[in-house]
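Heads up, the next two complexes both have chain A, just with different partners, chain B and then chain C.
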Partner chain A sequence: MITELPEPAVHRPGSPCRPRLLATLDADYVEHTARLGPLPVLGPRDLVDLAASSGLTGRGGAAFPTGRKLASLLTARRTVVIGNAAEGEPASSKDELLLRRAPHLVLDGLLLAAQALGGQEIYLYGPSAVLASSVRRAVAEREDARFVRLVAAPDAFVSGQDTAVVQAVQGRPALPRTNPPATYVSGVRGLPTLVQNVETAAHLALIARYGAYWFRQAGTDEEPGTRLHTVSGAVRHPGVYELPGGASLDDAVAAAGGPAEALQALLVGGYHGGWVPWDPITRALPLSRSALRDYDAAPGAGVVIALPARRCGLRAGADVAAYLAGQNAGQCGPCRYGLPSAAAVLERLAEGRAGPRVRTELDRLLRMVDGRGACSHPSGTVRLIRSTLRTFHGEVDRHLAGHCSAAPVPGEVRR
Partner chain B sequence: MTMTLWYLGRGFGVSALVLLSMVVALGMAVRAGRPLPGLSRSAQQTLHRVLSLTAVQVVLLHVLTLWADPYAQLRAVDAVVPFAGRLHPIGLGLGTVALELVVALVVSSLLRRRIGLRLWRAIHWLAYLFWPLSVLHALGTGTDRGAPWFQWTVAACGALVGAALTWRIAHRQDGTTPPRPAPPRELAGLR
Partner chain C sequence: MTQRLHVDWIRCRGRGICYELLPELLEADDWGYPLSRTGEPRPVVPARLQEDAEDAVRECPRMALRLLDEQEPARRRPVLPKRP
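Showing the complex of A and B:
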């Protein structure tokens, strides 16, 4: 029945590997099952063991081990399963791409988990446009997906946090709640709820068919399998690319056609991530948590943005911080009041209007916000601002002296 | 020694009232639709937190010193059961209720992550009740209630809270959120 098993490539760091998630794009249900084989039926223990031994981690950003998350639902009699495709992150498009062009893989993963874990309800939460088109079509093509309910996600940065997803599925505003309790302990109507990123679900669908060993044949021990990356900014061909785990920053940029012009840094891990300078040494760093720890960055949801050398890093950081500050849900004080204050100080610095004590002032504000609030939004934003100050520290000094090394853009440094 | 405790207890009481008025006023102002001139919202919030924790300590000192003082004739039960006091049972009782509210506010704030936002907010609303209770307690039992300086102090506290309330109502949050900045164009991914 399996006519085309995706052939695993022997991984050498940096070597390309054959696409897995992106191997069956635009396949209808008949073609999908013909090429991948039928979806196996797994018992709860089998699913957990398979996920754990594959080393699969959540691809929504937090990189929580999928095996552990599934294991914590084993004791529950009734559960709820939610596929999460809400990419609040403006620079991430991989979940939408999966829903648009490989919806059957995502549905496979959700049905597999629900079937094994006694899932009474299955939801797919994502951008309304893609739910109404390709997902609706895919659901209509197969008998087993009749009960999957589609829930539209608002276009807001925090709408994809798992506690916000649980709220949205219950018909409430998609705002984060405090954690604990974790959603897999108490989620939709108090039931243990699996909130799974759709890329993670798609990987599960392949692991169930081809096994944990196959999954590990791509990637490294630390970052097994493949991972979707949205590579954008100053690259020749911005897009979504599937790379083996542990591929280097260079590989990611090369996959997108290489730099479109001279680069100075990459923003890795998205708006809650960190800047990594682009130089001959750092560009060889693997996209892994341990290698990027020094930069407060992580592969996260696979976002890589290339910042060209002609742009001011402080300006870029201040713009992202202003966006993030505006995306606070207005629920918790530190986030609601602290983030706009911090973003305003960074803006003043980017405009060249800050005094010599600006570093102390920002540090004081950031320490007040870091680690507080109900969700990870304040801490993530603090991480981005600190990374901006650290990576572009020379630029901070120049701005304090009234200069900017970037090519003059009208109105950029007012002095 | 005995007179020292008595004076200290009264002093802590008046100090607590002043501090708490500032806490309540700041708490109301920070929720208004517009920040106070010259004080950013995050600064107001920090001040609210620091002052409220200071005020709680002063309230505890107020209770402990008067409890230790023989003249006030406070029993341990008066700190828990309201309206059972020997001297000024009504005024003292109001103070007891206020003290219990303080305990509820502090404990619920410490447990905020455990009890959830909704319950925490419901309890925190009780803070509004706390201020009139402590004013009535001050006017009901205060030894100095007849002294002009005391009356002026209470009046000033009332004016402060009244002003904050006016500001809060005048600049009500109208539900329209300020425009949110778009993600920077060159860093907005494939959009």
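Showing the complex of A and C:
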């Protein structure tokens, strides 16, 4: 699902900042190169230095420093480069938007990395519809992209985990594998493999042209550059917006036209993220890792979901937890059995059917799941459930007493 | 060098040999999978349990256990036993 962009814009009150990734949309290759100039050719050292000094971090969610990731591939003689646009996350559509409306920027970034790192195979992994339309068209428009192979990503939450991406590229089911070894040590057919989010690749394409200093002219020292955010929920204009790093929660909501009604919290960082209450103090918090640490949230892949005040936070959290539990790949025991158990307890609580020991029981279950799987799915889901209990602790008490603040009549728990 | 016990969760089927051989380090969870008693997903193996840990690695019928060196756990490519 892609939300249309009413007006792609970088928004920061008082210090306007121009869009970068979304500056040139729907350009064919001729217009793309006319606007941005040709793609520079960089040596391996130059690429790593540029990425490192720009401070660019991975935009797929984990925020790993791109310079360090690229540097770990320097010693490899042959590498494989994969652009990852499998968002899995229902609330994220920025990677699909990039492929649909700025595919040449993504291709630039992948070709740049492959060229510098001796990548002999290049893959672009993403939703099949967008690969078959805009990406195929873009690849056909340029000579240098004719070796890029397009691989369809299944619409599943875990299909974007880097080990799952490596599996899919090899024609196997897109399921996560055990880590270590990391994909940059041993990925496709045992070759060191760069799995790079497509937004990260697009940034790299611009940094290669304009430099690290230019990149840092937007954003803050901690979160340099710009970042795509998918803002949804109770906002006037849900969509994808480009904001400078460190923009506030308020900026993200304002970019999407402001609240559509009274809000109570934002889910920041997506379904594996954390809730941040919406009040005059917290709404000024920057979208940065350090500012959101207390909420166990991070900008992640740029997902922001606005929860209206009239909805029950436990109901919202239980719905997300149930979805995530259903998305477990069934490979690792603790995740396979633990997530549905924990989601069911949270569901009972949301329905007002839980007993007084529900907090203890959930805590025990979550400790039996946290960190115990091949990929980050169990830990991410545990984080979401803990954040739900913490943020809506008052609601937990009300539910235990048979009430719900979202219900019109006390004593009636509404779905 | 300090080593940590790593469970390959995709291989593990909860056969339970490991927590029988390493009761100080592991117990069974609700579903029969090994649960670290320290709370860390990859518990440190104390020197006095080193031999027991190596036994557990050898005896796991699913070959789901490994000992990882504390340094650079992600960069080392452990030598895996061949699949049965």
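Assume the second predicted complex is superposed on the first by the 391 of 415 C-alpha atoms of A that agree within 3 Å, B and C clash if a C-alpha of one lies under 4 Å from a C-alpha of the other, contacts with A are read in each partner's own complex, and residues count from 1 in each chain.
Note that in this section contacts are C-beta pairs under 8 Å (C-beta built on N, C-alpha and C of every residue); 3 or more make two chains touch, one makes a residue touch a chain.
Only a predicted model underlies this, so the values are computations on that prediction, with no experimental measurement involved.
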Simultaneous placement of chain C and chain B on chain A, clash or fit: clash
Chain B versus chain C as contact partner of A:Arg372, first or second or both or neither: second
Winner by number of chain A residues touched, once chain B and chain C are compared: B
First, second, both or neither for A:Ser93, with chain B first and chain C second: first
Which of chain B and chain C A:Ile305 touches, first, second, both or neither: first
First (chain B), second (chain C), both or neither touched by A:Ser186: second
Touched partner set for A:Gln217, first chain B, second chain C, both or neither: neither
Which superposed partner A:Tyr337 touches (first chain B, second chain C, both, neither): both
First, second, both or neither for A:Thr230, with chain B first and chain C second: first
First, second, both or neither for A:Thr178, with chain B first and chain C second: both
Clashing chain B stretch [against chain C; choices 81-89, 117-125, 153-161 or 171-179]: 117-125
Shared chain A surface residues [contacts with chain B and with chain C]: 177-178, 180, 331, 333-334, 337-338, 341, 365, 368, 374
Chain A to chain B touching residues, read off their complex: 89-93, 177-178, 180, 230, 232-234, 238-240, 267, 271, 303, 305, 307-308, 311, 316, 319-320, 322-323, 325-327, 330-331, 333-334, 336-338, 340-341, 365, 368-369, 374
Residues of chain A touching chain C in the complex: 72, 177-182, 185-186, 331-335, 337-338, 341, 365, 367-368, 370-374
Partner chain A, residues of chain B touching it in the complex: 30, 40-46, 112-114, 116-117, 177-184, 186-191
Residue ranges of chain C in contact with chain A within the complex: 7-14, 29-33, 35, 39-41, 68, 73-78
